[in-house]
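By written order: A, B and C. Residues from 1 in each chain.
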Amino acid sequence: MTVFTDVVCPFCGCLCDDLEVTVEDGHVKGVKNACGISRSKFLNHEKNRLEAPTVDGVEVPLEKAVDAAADILSTSMRPLVYGLSSTECVAIAKAVELAELAGGVVDNTSSVCHGPTILALQQVGESKTTLGEVKNRADLVIFWGSNPSQAHLRHIIRYSGMAKGRFIPNGRKDRYIVAVDIRKTGTTRLADEYVKVEPNRDFELLQALRAAVRGHELLAESVAGVPREKVTELAERMKTAKFGIVFFGLGLTQSEGRHMNIDAAVGLVAELNNHTKFLLTPMRGHYNVGGANTVTTWQTGYPYAVDFSRGYPRYNPGEYTSIDMLARGEADSALVIASDPVSTFPAGVVRNLAKIPVVTLDHKVTPTTMLSKVVIPVATAGVEAEGTAYRMDGVPLRLSKLVEPREGVHSDAEVLEMMIKRMGGRAY
Amino acid sequence: MSKLKVTLVSGRTAQQGIGLEEGKTSDNYVKSVNHVQLCPEDAAKMKLKEGDAVSVETRHGSVVVNWRPSKELEGGMVFFPYGPWANQVYGYETEGTGTPIFKGIEATVAPTKGKVKSIEELVKSLGGDRK
Amino acid sequence: MKDIIVKGGYVYDPLSGVDGERMDIHLSAGKVVEEVPERDAKVIDAKGKTVMPGGVDIHSHIAGSKINLGRLLRPEDHRKDPVPRSKHTRGGVGYSCPSTFVTGYRYAQMGYTSVMEAAMPPIGARHVHEELNDTPIIDKAAFTLFGNNYFTLKYVREGDKEKLKAFMAWLLKVTKGYAVKIVNPGGVENWKWGRNVDGLDGNVEGFDVTPRQVVTMLAEANEELGLPHTIHLHCNNLGIPGNWETTVDTMDAVAGVKPTKGRKNTVHVVHCQFNALDGDSWMTLKSGASKVAKYVNAHPHVTLDMGQVIFTDTTTMTGDGPWQFRLHGLTGNKWVNSDVEMEAGAGVVPYTFKKNNPANAIQWGIGLEIALMVKDPWRVYMTTDHPNGGPFIYYPKVLAWLMSRKARTDTMLESNKAVMKKTSLAGNYREYTFNEVAIVTRAATAKVLGFKDKGHLGVGADADVSVYDVDPSKWRPSQYAEIERAFRLASYTIKGGEVVVKDGEVTSTPLGSTYWVKAETPPELEQELVKELEADFKKYYTVSFRNYPVEDAYLPTQRVVKAQGGVWK
């Protein structure tokens, strides 16, 4: 029996790194300190696994599957490489290299989650911090359109709510927590204040707060369903906090306004820095979606939606983003790595994905593997394969290999490398 | 009352997270995402009983799912956990941003005698019959 | 790998005392050797050309979270400089925030073979090393940020220099860093509350120490540890008119520090242009270069780099959070701030240096004044603080300005008159020689960094050689465009004995090495230190102590440099 300590959890953007995993006879037997989802990940990683590589549903040796995948990608005009948020960074780098080699498009799951956050950042910037300063200093924490009680289960305990730090010796008692949402959630329940905003009207509320922070008088009786007094009170609270932070989620990026909502939030926070310290940080979902953006950016200059058809990287969200590529019927093949677009994309574009040859690298059976022409089982990163992941705040951590994958099963990076070799790529 | 006009919101749930780590074909996952949550008052308006199915419809499509009561929701708001069932009713317009809208869209909910599709049936209906 | 003879060029190897002599350089197994048999060697004809050791950039921002935030922030910057893939190279983007591959290629194309990443936040060290591993050809090292680190401030407050030394050795080891970088000491800690520190004797909140104490103790500790490079210091008050005084005060604060054996210098002041401003405001701005140069000329313990301004659109990025917020306020340009728990921070703001802007014209003049007024070229180095003053691809332009008064005059005539009135540049007739260029771009930088095998072509040196297509025996300063052309694309760049650039084109892309420094600590002291660190990590960090050190997996090509051996009490 081996007990691994300080294990990094490969589930959400929190990348909690204090897990204790017990391994016996090459199998995970127990997990300590983990949240429910993390526990499920470690204890169930052997369930519902893909049994063997398949082409058209028929089991084949790995080499045959790699050949078939390479053929599909090198003979298509507009291959789309997608996914990458639930694997480690070498695999992400290989996926970018493969897309370049194939003259295709490489995109990652941020295009359906925090893509608008990135668009706003490119317009107006962003003022952020690693989570430790929140733990050490934040006396005002605002969750806006985010619900860690369901999506980032230990965020509030480890970083933003209960966490005790240098200037927050009493943890929760030293913090005022505000939750802005369109509905009550577990997070609004534990907040000191719940601000109920009408659906699709966050932009208005953010701008009103910005005006109030500047000292303008609000004329409307209520903004986005929030009474004027509450808006000015919140603005005052923000200005007088010693250290405030907004953790925002898909409530802002996936509702009307999208990047403009984030633009307004960034503007509000920048404004507040004329009065006190204020920051904001997106609640990134998949554990290494940050890494997918980070690696793609250092290799190509751009974080997602990168097209190599001209031999150099081009970037245009709305055009080279997966949803749009598929909606236009433009992608004529797809390589999916560590993602399940059939479960995460609107049905209208999934129908188009079903029409083209899809190559999928995954460890488990998913709706996407069900409709893929080529399926290659891989090791689970962070359990059976090591590598780097970037936390939601950009902190890089090392994922561990705790157990061996089944014989003949390789990591995402290794399989991608085989495909690159088969496609005539060279070592750089 | 046949149809209820609602605002539809998608999102993550812990159950969905736990389920997907077991596997997308596992019962736990399927149960965590093949339902909508609505407030007991709205359910009463539609005379929904436990075990009934509902049809959720938007301008993009419709889907039959189970329902669960949620005391946290107010009348007129329906929560649909992220997943292949929810995706049947969302559109793919990104308006140049790359990101579709998954939150705060107009929908109707109605009782139905229809059957909730299995994950295999759902994938098949999308054209994915390559097994 | 075939042996190489670089034949018949004019060789500039100042560390070996070779000043433009025509001679052959023999390379074998990655090193410079006495002689190799000509019949088995690849012979490179360097007749009529300039031969130098590979360039060594002492201060640049090429890898890690800060430059990557710049890349992320600026698609518009990339779009003016797309770089297609070729038979030997990956595609990417260039200009002020180049992708990692393009960074490696373009440095090599200019004949540079070693580049220092000037600011590595410890908790982000893995990120820096991952990017360095994707930066081909050149050798690299990264400087670990110390000046606002919780433990630095704690040990300075406690006056415990021995513990501080042990901490420095430990942090360099676990981050795989090469030197001690200090950015706006105390200012970045105060910025965690949205404030700055008030100059060299201001208060660092929560610690009740001053930047003066921080700098002095870090400098003493650095020298007592015998680290190969001195402290690498970005002074307080950067970018604020009148700051020359802070700069000189800071230099003077470490005047009494005893240098480690074998050198006289104890501090390197970075991108000095930004810290040599005189006047009370941007309206009354004038050059403070002469005042800084006067001090430096009289005090051998100081080295500098220029931080030369280029008139172009670039991206400013520093570990100086409060300065970047100030610049955001001055320009209204988009602003990224990125605080790093317990240790550092950073900011990124796009900026355009304009010829017709009086302040920018003065800044342009100050950088050159510093390089021309500091008499000893071994103590002032050519940088643009890439990309802060301008992208590194403009280095050849800077060389032209240094080597040709006409080049400077021609630019001055196109620029705001303020540069004539508020700097002394117009009256400066000095023109760098080829030998001086070799000093400020490779020989002196390698020396001050403590790279024994770099920056020269003596037997045993690394086989890093650049050949430039300019004949120094015929060149005249009026032909400054020739310098720009020749130094932009080397005829040959040889890295580790392999030709990596030929006629300006990249022909091969080996992965260079990453250097880091190992300093020994008495074991009992290290144990005691680790116990203290571990306790504070539990309380204040969000990563576990065990997950903090960078694993060997991130250093596939590491070269460990040992510190000279410490002086311990």
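The rule is short, and it goes like this: contacts are C-beta pairs under 8 Å (C-beta built on N, C-alpha and C of every residue); 3 or more make two chains touch, one makes a residue touch a chain.
None of these values were measured; they are calculated from a predicted model.
Participant: Line, ring, star, complete or other: which one describes how these chains touch?
Facilitator: Graph shape, chains as nodes and touching pairs as edges: a line.
Participant: Taking each chain's centre as the mean of its C-alpha atoms, which one lies nearest the mean of all protein C-alpha atoms here?
Facilitator: That would be chain A.
Participant: Any idea how many Å lie between the Cα centroids of subunit B and subunit C?
Facilitator: Roughly 56 Å, centre to centre.
Participant: Determine the centre-to-centre distance between subunit A and subunit B, using the mean Cα coordinates as centres, and give it in whole Å.
Facilitator: Centre separation, subunit A to subunit B: 22 Å.
Participant: Can you work out the whole-Å distance between the CA centroids of subunit A and subunit C?
Facilitator: 34
Participant: Residues of subunit C touching 2+ other chains?
Facilitator: As it turns out, subunit C has no residue touching two or more other chains.
Participant: Note which residues of subunit C are touching subunit A in the complex, please.
Facilitator: 63, 65, 68, 71-75, 78, 82-85, 89-93, 97-101, 123-124, 126-127, 130-131, 134, 136, 192-194, 206, 325, 328, 334-342, 348-349, 509, 539-544, 546-547, 551, 553
Participant: Give every residue of subunit A touching subunit C within the complex, in rising order.
Facilitator: 5-6, 8, 17-18, 89, 93, 97, 100, 118, 121-133, 135-137, 158-159, 164-167, 242-243, 270, 273, 276-279, 293-295, 297-303, 308, 310-315, 386, 388, 390, 394-398, 428
Participant: Subunit A touches which residues of subunit B in the complex?
Facilitator: Residue list for subunit B touching subunit A: 7, 9-14, 17-19, 21-26, 60-61, 72-74, 77, 79, 82-84, 87-88, 90-92, 94-104, 119-120, 122-123, 126-131.
Participant: Going by the contact rule at the top, pick out the subunit A residues touching subunit B in the complex.
Facilitator: 11-12, 35-37, 39-41, 44-45, 47-48, 56-57, 111-113, 115-116, 119, 147, 149-151, 153, 182-185, 199-200, 250-251, 253-256, 258-259, 285, 304-305, 317-318, 321-324, 326-327, 340, 342-351, 354-355, 364-367, 370-373
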